[in-house]
Structure formats: structure tokens, C-alpha cells
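Encoded as C-alpha cells, the structure appears first; notes follow it.
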Amino acid sequence: QPAVIYDMGGKFDKSFNQAGYEGAERWKKETGKTYIEFEVSNPAQREQAQRRMAQRGADPIVGIGFSQGSSMEKVAKDFPKLKFAVIDAVVKLPNVQSILFKEQEGSFLVGMMAAMASKTGKVGFVGGMDIPLIRRFQCGFEQGAKYANPKVETLANMTGTTPTAWNDPARGAELAKAQFAAGVDVVFAAAGGTGLGVYQSAKDNKKLAIGVDSNQNHLHPGTMLTSMVKRVDVAVYTAFKGVTPGITNLGLKEGGVDIALDEHNAKLVTPEMKKRVDAARADIISGKIKVIDYMVNNTCK
Amino acid sequence: MSQPVELPRWMDVALLPAVNLAIALLVAGGVVALVGFEPLQVLGLLIKGAFGSQAGISYTLYYATTFVFTGLAVAVAFHGGQFNIGGEGQAIMGGLGAGVVALALSEHLPAALMLPLMVLAAAGFGAVWGGIPGALQAWRGSHTVITTIMFNFIASAVVGYLLVNQLKEPGNMTPESRAFADSARLPGVHDVLARIGIEWPSTPLNLSVLLAIAAAVLVWLALWKTRGGYALRAVGFSPDAAVYGGIQPKGLVVMAMAASGALAGLVGVNEIAGVHGRLIPDFVAGAGFAGIAVSLIGRNHPGGIVLAALLFGALYQGGSELAFEISGFSRDMVFMLQGLIVLFAGAMAQVAAPALFKAYKALGGGRHG
Amino acid sequence: MDEVFIGTLVASTLRVSVPLILCALAGVLCERSGVIDLGLEGKMLLTAFATAAVGVASGSLALALLAALAVGVALSMVHGYACVSHHGDQVVLGMAITMTAAGLSVVLGIAWFAQGGQTPPVPEAVRLSRWFVGAGEVVAQIPLIGPTLSLAFFGHNLMVYGALLLVVGVWWLLYRTRFGLRLRAAGENPTMIDAAGVSVKALRYQALALNGVLSALAGAYLVLAQNPSFIPNMTAGRGYMALAALIFGKWHPVGALWACLLFGFLDAVSIRMQGAELPFIGAVPVQFIQALPYVLTVVLLAGFIGKSVAPAALGRPYVKER
Amino acid sequence: MPEQAVATAVQTTGASRPPAVLMQGIEKRFGAVHANRAVQLRVDSGTVHGIVGENGAGKSTLMSILYGFYEADAGEISIEGVPAKIRGSREAIALGIGMVHQHFMLVDTLSALDNVMLGAEPSWRLAAARAEVRAKLEALMRETGLQVQLDALVHELPVGERQRLEILKALFRGARILILDEPTAVLTPQETEQLFVTLRGLRQRGTTILLITHKLKEIMALCDAVTVMRAGQVVLDTKIADTSIDGLAEAMVGRRVNLGRSGAAAKPGAVLLGAQGLGVVDSLGVARLAEVSLQLRAGEIVGIAGVSGNGQSELLDVLSGLIAPSSGTLTLGGQSFTPQRWLNPRTARALRLAHVPEDRHRRAMVLPFGAWESAVLGHQQQPRYSRWFGWMRQRAMREDTALMMERYDVRPRNPALRSSKFSGGNQQKLVLAREAQFFATEPQVLLVGQPTRGVDIGAIEFIHGRLRAMRDAGGAVLVVSSELDEVLALADRVIVMNAGRISGELPIEQCSEAALGRLMGGAQ
């Protein structure tokens, strides 16, 4: 019986935890088996939860979110016979699969779309907290925008310094409005629940917004340009089916990240946009385009 | 208006709280039933989870340790006439203090030097973070409620900056510092017990629990057995009388706030040195605010605070147990339960008193009482 | 560009301040009568949830508001029952309300909408519409200052203007009516009120009722004007900022207004400063800019505002000897 | 004997109109304390009726019952012949009862006008209400001669004016029966005189007045009848004509008391404290104290007379180191001080200067502290009470407190009781005991503000005795009192203050009420 442990955001964070939840549910539906789950509400519970699951013999045990790395390192050591998987973090142990996403690649594509869709030549980014993961989103987004339109200007805002930054839509809306006032007309939000405020104010101000993690195009058809989907659901789903220890990088090539095109944003995405994005995707996969990964040496250069 | 009755001491300190807790659990049970769960099962699990196993007890004590620190912090400031709701920020700074010295020195120093150093650093950073609002209050009359709230935000900004830009280990996704060397790891209780040959499950419970007990005793002695405590309480009750008594309120206010901050800072020892072994961003997780309730439910007395902290610890641990055991019992229901229990056992503490008093009289107690 | 910058800055200041203002007013009324309110955060949160839930279910603005008011007043009555009738600890009660609200809102949300405590967005009909848009366009024609004024003060939703009016209203109630006089006296010297043959208890309950209404409006604003769907913990600490603001404003409605506007302004500025390259310093780390409002608040407080003296009987339950 | 007294009293006052107040068999317990037992009180309408008794005798309690503040455990009350059940102040007010409480019932931060109308506003709109009330009050003030600045905030008003305000408040509510609990405790002789004129005026207008006081002179001067209480019981109830100060005093305390001057004349010795040209300027830049120079010699009691608010308080604060003056010098215990480095309470004590402050509730003790804690306030760092690391010797503190209570007859004799639970009289004795107890060792300076405010005559006699004893032990005692009698009874030398300056100094032999009065008025 597999187990999944969501991080502080909770399994309905409109972000990667939720994506993970959907993956688990899909596995449940297809296999008809059940799984155990737990939502962490303070740091000490990460290890506690992983341990509890392990003691129950849950296998595999999937931890979602980079914060679970350090505790999984301890627990996995103590339970060498069990298999573990951690998402967004690296744990170098023989019984742990570390699943990483190349957010920069997906972000690169949405960055391109933003730049192409922008009439003002100004695009904006709204992050939750200023942490490496978010900077990686931002870094990829900016590269993509520049790639599509070298003269493009990008503005970036971070929401806050406390975890409330991930669910403060009102503030998200203010950040977006501020960017709009500065001339931005396409905004990409990677800020969990805060993003909902961003998308809303984009709708209210007749601007374009880009969703993140799961496909959020349906939220406001007509103003949601696209979403940068990060297939945490796929990751959890495959992990539930069987863990392959080692580091797994999921990028465009593996379909781990991508842009979402569906009926909700069909009208917004011109064929020309689609053509260039597809080309870029191919180039990235083939390695013709090198997308800088912020994580490599903590800069976007 | 219902009269506050003067219950005999034993009822006041022992029976009344017990009754309140009972009422609280009853109401909570009712709500649980409403949400569609089996109240007895839930309450049973809550208690079993908190006290039913070695691991359970350990976790309860581990949480209680943190709450003792933040609770004492609030109480010390309170006796000096200050309302410190900055425990959150002071704890964060405490963690930073412990973390910084550990990162700097843990490779070079033995545990015997490292750990005391971390304790001092945690207390010191916390003291500064509490002392500044204290000083602003003393010399500028700035209300501590405002300043401490602001300092909470500032603290998380500072730590956030350091973790992301300075202390993070390169190439790592997580805004966490690298792990400390072992000399900077406060031994867990299970390690210690193992050394004397007792089998104990591995839990976050660490030697900080002793630190917490020591802190509680020290605070009690300091407040009620020493001249300093006498002076502090005098200032808290009546600054004018204090001045007449040759006491300098300003200095004491700063001292009180600094001591308060230091106590809150010790949370950093429990969490950073005791559990995580590295500096992480969100380790306080609301314990600073919980400390306010802990202190006031404990009537600002170390003894009461220890008990209240145990209650909160039990709620936290028992709560996570519920989330484990009962599928669909979300952590939010746990929050709600905790809130209700604080409401009935804490805020409505006096509601039952008159009834108790009647019963007591009816049983013929309290003649010439 | 520049007038746009200033205009939107002011507009943003107003928008951000409104929930703080309403909440602070709620606090002023309650604390002036001698009852501490540390539960503003919780009251705001649960009323916001009520607004969203009923708004979604009924699709009616009126009902949504009504629900918010009902919940707000109910919470305040709990406050009164515990603290006024039974001399409970007012601070603990505040904490209790906040904790319970945080849990309850999500539990009910999951039970009713099965979206992890979120509610679906309320329909447009429930949202507040912008006012004085036309007037704004006219004003915009004025040379020089026109566009700025138009951006800054026109086209806000009704509650923005309402909140400003409520400041005047509360001020009027406190300083121009019999009720206000008694209320202030109850916060300073309840024994005297009692000796004058007025019930302290009744006064404090009335104050709490109003407190419930105002904090309900604050909560409703979050959903009606800001984010159409309820999100767990969407108050994000605004209740505590409001508390700070009302103390900053020395327990006076107008003082509180200025404090809230100050917070809102500093916030709006810091948003716009993010990523700005300062001369000589270069790019300032975002955390520092984010901390700026709080630092400046402390500096202003210590530097210029100085002592704010609480109502004499604040936090002390009135116990009548018999 | 008490029962008889009551009986006779009731017969003799068989007036035609029903009594304004008739309280019968009133019982009231506070836990162990039996505050009122079978109290019988009859007050004829249109008379001034005095109530006297020791601290804690039950006077305030009885009045609080009449005003509906406390509920009696048993007993009947009838007002103007009509049986009444008084459950709260509202009913009392409706019955035409008004009360001026011992501790003023005023909101400091509100204007006098607002305080008067609070609870009785004629309209819900303050503007309208204020206008109406102001008109009424101005008429009332003219009739009664009670002058108050209606627009000043209460905390800006001198006590005397607050007192008048309280009375206005009662009258404004149409009080026909007016209760005054120790109204003169905080008044200057002038203010007291003024008050009595007012009260007589009110009696003319048919108002019935109940007056609680510890000053028997006032009873004799003003009252038509008087009731004496002791330990919760009525022990005497008589027409004024049939009694005398000594009679009352004896009934109160159960023995003869003597408040006159006694003991040998002073033999002044060395100068223990010398002050030159003291001046204090307050935050508003007003000079509160100017060019005050004085010397205190061993073995003398110097009295400071003056209408309160003429700098006496500031003088005490400066001499005791609570505030630093803006000018002047001080020599004490061989050290000299300048405004730059003034002495603070701590050094003051180290130099053997003791101080009994005027405001016992605000300064002299920490009210929530146990008596044993308040009883060492200011001496906490004496080696007697604190060991290494500031560790307190609590045993010693408790024992000493018990001893002080014994010596100074503090009741109840319970070191653990909260300081706030003691009556003012007893609080005062405790403070005095504390300041005096380090006297045994060697002579020193003692500053006393309002030694006997709110204290019963038994205690007054006792306290005066102690002060004289300290003088005779070679101490230099400075007594500040708004009671001329007290100054005259204690002082060997009287300094009169006016407008922050010393307007004159007289040896006691040359002191006459008239002479002092002139100086207090500012005549040189």
C-alpha cells in the first residue's frame, strides 16, 4: 500500500501538492487499490509522518515538496527495505528516487508566449516567496521572453516573506495591478493560492495571465493565456506504480513540464505563437537551446 | 452579572481546570459528531495518540518543550507590564543565532563547547529581538504590541534573506542551511536512553526538554524569590510605587523584554539544535502565538504554564495521530478542536465556577472559608 | 506615466487599507468599551468564509452580506458571553476565536464544496461594482492633476467609500452621542458608569455587537471586492495589523484611519519598489524591501507618535461586589 | 447599652414627617468579615446626620447598601416612609438618593460637564444634552454656590472642585437624600468651610444629608444627629445637643482619646537636612516651586501648612528624590546635591531619609502585593532582606511585617493579605510602620505627607504619638498636612506655603488659625 505526504501547503494548494493528490487519485481509480496520505502542519511532522508510514510498511512512500528531503534522508536510512520517492529534492540513497522537474524549460516556453502575446512589450512575474525554486521559474520565464522578443521588459514581484505568501490572493491582485499600471499586459504567477488573485485581477483589468503547476486555463477562459503545467501528478502516479531509485529529471523531453493548450485558451494562442513555441520546444529537447538552470550556480546568467 | 466566587485553593487550581477540560472535550466531541465522526473514537485516539505510546508521549513532550519556552516568554514580559506578542519573531531569531554559531564553529568545536554556545546564541539573539521593543517602549513609549508584531515580520524577512542568499548550500533546491556537524546536534532523548541501555523510539524529543524544565524553575525563582523579580512585578503592577521604592522602571522593562525574548529564542535550541540539525525557514510554525494562550491559560505562573504547555503538546500530537488514524480527518479539524478546547478550557474558565461553588457549599464545605 | 504611477499608488493604498480600516474600527469600538479584541483575525476570516459560502450558494449579494453580519455578531456574542458575562480572559478568547475560525472555515469548506476549503468564486452578481467611473472620466479631463485624481479616487467599489464614511460614523457615534459617551466611560471607569445607574454589561455587549458588524464588513470585503473565492487563511495576518493600527492611532477612529492608510501606503510603495535598482546600492534584496514597511512603522512610531495610552479599564473584566 | 441608646433615639425623634431614611436590622457579611450586624439607622428628613466610626467599622458598607451598591444579607429599608427594595444604583437614584463616594466616581479623561450628565443625559445627541445640562447646572451652581469649571477635564481639577462636582452630580439627579462618604478627607480647611456652607444651604432647601467623617469637629459643627458605629454595630445614636467630641470619641474607640498637643517641648539639635533655593518648573513651564529654603534639625517636627496644591507635594517629591528640581541645592547626611546629580529614592534611604508619601494608593504600596511584600517596599535591597544574587529572605520579611502589624495595630493582622484589602487607615499604619522601623538604630529624617488622611481618630492619636516619639528619639520630622489642627497639634515650627513659595514661618507659640490663615492666603 503506497503512501503520499503533502507539505505545509496542504493537498488543495492549487499547486504542486494538489497535482500530487490528483496523481494519487488517478492511480487509485485505475488500480482500485487504496493509499495512505498525510498533510504536514509543522516541520517536525515531516519526519514523523514518513516514519509512521514506514512503520506501517507503506511502500512506496512519496514525499511532495523540497522541504521533505532532509527528513526523508534520515527515515530512508532507517528503513532500507522500503522504497521512497521525494519530489523537488535530492536524496542520495539506494532506496530513494529523487524526482526533479526542469521548471526552467516549461517557464521558458510560457515566457515566449507571454512576450509574443504582449502588446506593450512588458511582461510580469509574480512569485510566492523568494526561494530558489521560484527563482528557477522566474529565470526560465525571463529567458523565454527575451528569446521571443529581445526588447521585452520583465517585471518581477515576490509576495511575502512568511508562508502566508502562498495564500494571500488579495495581495496577489495588488501585485498584478501594480505591474499592469507599469505597463505589463501578460503576467505569470507561481505563487500557489496567491496566484488566484493574480488571475482574477488580470481578468478584471482585461489583461492576460499564465497559470502554473496544474492546468489552470479553465479558471478564466479568455484571459488565461496558458498554464505552465508541472506534472507532479504523473510523477506521483509513476512512483506509485514503481520506484526507480536515483535522480529522475523530468523536462520537456520527458513530458514532465509543458504548456497547456485546450479549448479554454484556443482563441488566445495564434498559430504563429504555437509554431514558434513548438520549434523552441524541439530545440530545447535537442539541446540547441540551452536554458539556464538557476539552481546550477544560484544565478540566472 | 455572574459573580466570580472565591473557590478554595485546591478547587481553583485543580478541580476547576479539570472540569473545564471535561466540558471542552464534551463540546469538541459534539462538534466532531456533527462533522460525522465517532466522538468517543476521536477523543480516545486523541488521548491515546498523545499518551498511549512511548513515541506519543515523546512527541507530546517535544511539542510541550517549545510551548514552555514561548509561554514563559509571554509570562515574564507580562509580569513586567508588557504584552509581548513577538514570540514568533524572537524564536526565529533564536534559531538563527543557534544556526549561525553552529555553521561557523561546529566543525571546530567539541559538543561540550558547541552546545552551550548555541544555547547562549539562541538566547542572545532572542534577547536582542525582545530587548529592542522593550527599549523603544521604555524610552520612546512605543507600544510593545505594535513593535513586536512588526518585529515578527522583520525577523522572517531577515532569516528569509540569509537562507536564500547566504546560508543556503549551493545546488540545493531547499532554502535550508547545510547540516551541522554532529558536535552541534543536541542529543535526542532516545540516544541518551540507548546509552544507558533503554530501548526508546527515535523521536524529536531531545535534551531541550530538560532546558525547558530548568527555565520554568528559574523563572519561578527569579520572579518570586529574588529582588529582581520583586522589582519587576512592582513595576508591572504600579510604576509609581516602584519609583518610590527606588526601582528604575525603564531598565527593568528592557530587562524583562530581553529575558522574554531570550526564553522565546530557546525554541531555536529545541528545533534547530535538537531536531533539524540545520537552519530551516519555517520551524516556529505559530508556536510564538500559541505561547500567548499557553501563558494566560497557565495564569502566567511557570507551574501553570508547564501544564498548559503539556495540554497544547498533547493536542498537537494527539491531533496528528487523528489525521493518521482516521481517514478523512483533516488537519483542519484538528485546528478546530484545538481552538474549541482553548475556548472552553481557557477563555470560559470561570463559567463553571459558580456551579462548582454551589455544589461545594451544598456539600457543606467552606464554613468560615 | 508619472501621474499614472501616483494615481495607482493612491488607489492601491486605498484598496489595501479598507479591510484594515474596517477591522480597526471594530477594534476601536470594542476596546474603547474596555474589552480587548485579539480575535479580529478570526472574526474576519470566518465572516469572509460566510460571505463566500452564501454568495456561491445563493448568488445574492444581500444574503451573502447578511450571512457575514450574522456570523460576525455571533462571534462577538461569544466574546461577550465569555469575557463580559463570565470575566474570561479576553486575550485567550481572542486566540481561541482565531484558532477555531482557521479550522472551522476549512472544515466546513471541505464539507460543502469539496475543494480543500476553498469555495468556488462567487458569481459576478455578488461582487461589488466600481463606482463613479463616469465622474472619473470627467475629472480625468482636468489638465495636469486630472488623470491622477481620476485614477486615485474614482472607480473604486462602494465599500471603499463606505469605509471612509464609517470612520466618520464611528467618530460621530463615539464623540457626539450619548451612547458613545457612556461607551468611552465604560472603558475608563466602569464602576462610575455602574454608580450612575447604567449597566456596564449592556454597554459592552452593544459595543461588541457593533464590533461584530464591522469586522464582518472587513471579512466580506475580502471576498466581495478582493478575491471572489474564499481561500484558507486568506486574511494573512491583517487582523493583527489592524490591531497594531488602532493602537498606533491611539484608540481613536481617525487616528486608526491614518495608521491604516500609512500601512497601506508603505505596502503599496514597497510593492512598486521591488526589483528597483537604487543608485550606488544597486539591486536591493527583495526581503529588505518587503521588510521596509514594518521597519518604517517602528521608526515612525518611536520617532514621532510616541506614547499611546490605553483606556484605563481595558482588559479588566468589570466585577461588581455585592 | 447600645440597644437602649437606639431605643431612646427612636422615641425622642418622634417627628411628624416620616424619617427620610429608615434602615432596620441590616446584616452584611463579606466572607469572614461581618461588616454590618443588626444595624438600625433612622435619619429625619431635612437634617444632617453624621456617621462616625473606626476604619473598617462598616460605615461605607452601610451606605453602599443604601445606595444599592451592595445587597444586604438581611434587613428592611424604607425611604420617606415607603418600604423600598434597592437592588441597584438605578433604583436608589430613582428614590432620590445620591451618593458621593469616598473614592471619587469620576472619569478623569472626560470634562466635568460630561461627568455630571453621564447616565442622565436628557437627549441622545450630546450637543443638545450638553446645552440643556449646562443651563440646569449653571442655575444649580448659582443656587448652591457650588462652583465648578464645567469644561475642564476632571484630571485638571483640584480635589476640592472634584468634590463639588460629585455633589453637583448627585443634586443634578434630583437627590433629596445625599450621602457623603468622607468628603472632607481630601479637602483643605477652606474647601471644607465652603463645603459646609453649601451643605447648610442644601439643608435649608430640605435636602437630607448623611455625612461620614473621621473628624468629630465637623460632626459637632454641622450635624443635627449622629450615629456611632464600631465593629459593624451601632453603639450610639443621639442628637448632637446631647453629646460632645469626647463623648463621641469614647463611643467610637471605647476609651478616652486625646488629640491635643502633648509631650515635652522640642530641643532642636544639629541640622540633618538643609535645602536652599529649591525650584521646580513643570512640563508646561509653570513654576510649581520657587526659592524654597528650609532646614530640618534633629529633635523637631516642622509642619508645612498651606492650601493643597501650593507646592507642598512638589516639595516632598524633591526632598525625597522622586523628582529632581530645576534649581537649588540639598545637603543631607553630609552629602550635597545639585539638580544635575540629585538624590534618588535609593540614595535618600541610604542617607537615612524616610518618606511617607501623600498618595498611599499610588505610591506607598503596591496594592496587589501581599502586605508582607508592600511592607518592605524601598528596603528590599537591605542585607536584612536580600542575600547573594538578590535572593530574598522572605522569612525575615514575613516576620518583620507581623511585628510591624503588632506594633502599629494594623487590622486585620495578616501579613499574607493583599495590600488593597486593608482599609486606608490600616494601610497608612503599615506604611508608617515600614518607614519608622529603621528608626531604632539611629536618628534620621522623616518626611510625612497627609499622615492621617482617611484615618479614624483612634489611629490618629496613635500615629501622632509615634511621630512625637520619633522626634524625641532625635529625628527630624517634616509633616505636610492640609489639616490645620494636625499641624497645630504636631509641629514645633510651622512653615506656610503659598503659590510654591514659603509665605511665612512661625514658631508654634505664635501660631493661631487666623495668623496661619492669612499666610496661607499669601499675605506676607
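Labels A, B, C and D are assigned to the chains in the order they are written; within every chain, residues are numbered from 1.
Rule of thumb we're sticking to: a contact is a pair of C-beta atoms (placed from the backbone, for glycine too) under 8 Å apart; a residue touches a chain by one contact, two chains touch by 3 or more.
Per UniProt, the chains are B, C = ABC transporter permease; D = ABC transporter ATP-binding protein.
It should be emphasised that the depicted structure is a prediction, and the values quoted were computed from it without experimental measurement.
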* To do: Could you name all chains that are in contact with chain A and with chain B (ABC transporter permease) at the same time?
  => C
* More C-beta pairs touching across which pair, B-C or C-D? -> B-C
* Asked: Compared with chain A, which chain's mean CA position is the farthest off?
  -> D
* CA centre of chain B (ABC transporter permease) versus CA centre of chain C (ABC transporter permease): separation in Å? -> 29
* Chain centre separation in whole Å, for chain D relative to chain A (CA means) -> 76
* Structure fact -> Chain centres from averaged Cα atoms put chain B (ABC transporter permease) and chain D apart, in whole Å, by 47
* Multi-partner residues of chain B (ABC transporter permease) (at least 2 other chains) -> 153, 157, 160, 164, 330, 334-335
* Structure fact -> Shared-interface residues of chain A (touching two or more other chains) are 10, 130, 161-162
* For this structure, give each pair of chains that are touching. => A-B, A-C, B-C, B-D, C-D
* Structure fact -> Given the complex, residues on chain A that touch chain B (ABC transporter permease) span 8, 10, 36, 38-39, 41-45, 47-49, 51-52, 66-67, 69-70, 78, 88-90, 100, 129-133, 161-163, 295-298
* Asked: Which residues, counting only chain D, touch chain B (ABC transporter permease) once they are in their complex?
  -> 31-32, 322, 344-346, 348-349, 355, 357, 362-369, 373, 377-378, 380-381, 385-386, 389-392, 394
* For chain B (ABC transporter permease), which residues count as touching chain D in their complex? -> 6, 225-228, 230-231, 233-234, 237-238, 240-246, 368-369
* **Sites on chain A touched by chain C (ABC transporter permease) in the complex** => 10-14, 18, 130, 155-158, 160-162, 164, 167-171, 173-175, 177-178, 181-182, 193, 196-197, 200
* Structure fact -> Counting only contacts in the complex, chain B (ABC transporter permease) reaches chain A at residues 59, 62-63, 153, 156-157, 160, 164, 168, 170-176, 179, 202-204, 271, 275-276, 278, 280, 282-283, 285-286, 316, 320, 323-324, 327, 330-331, 334-335
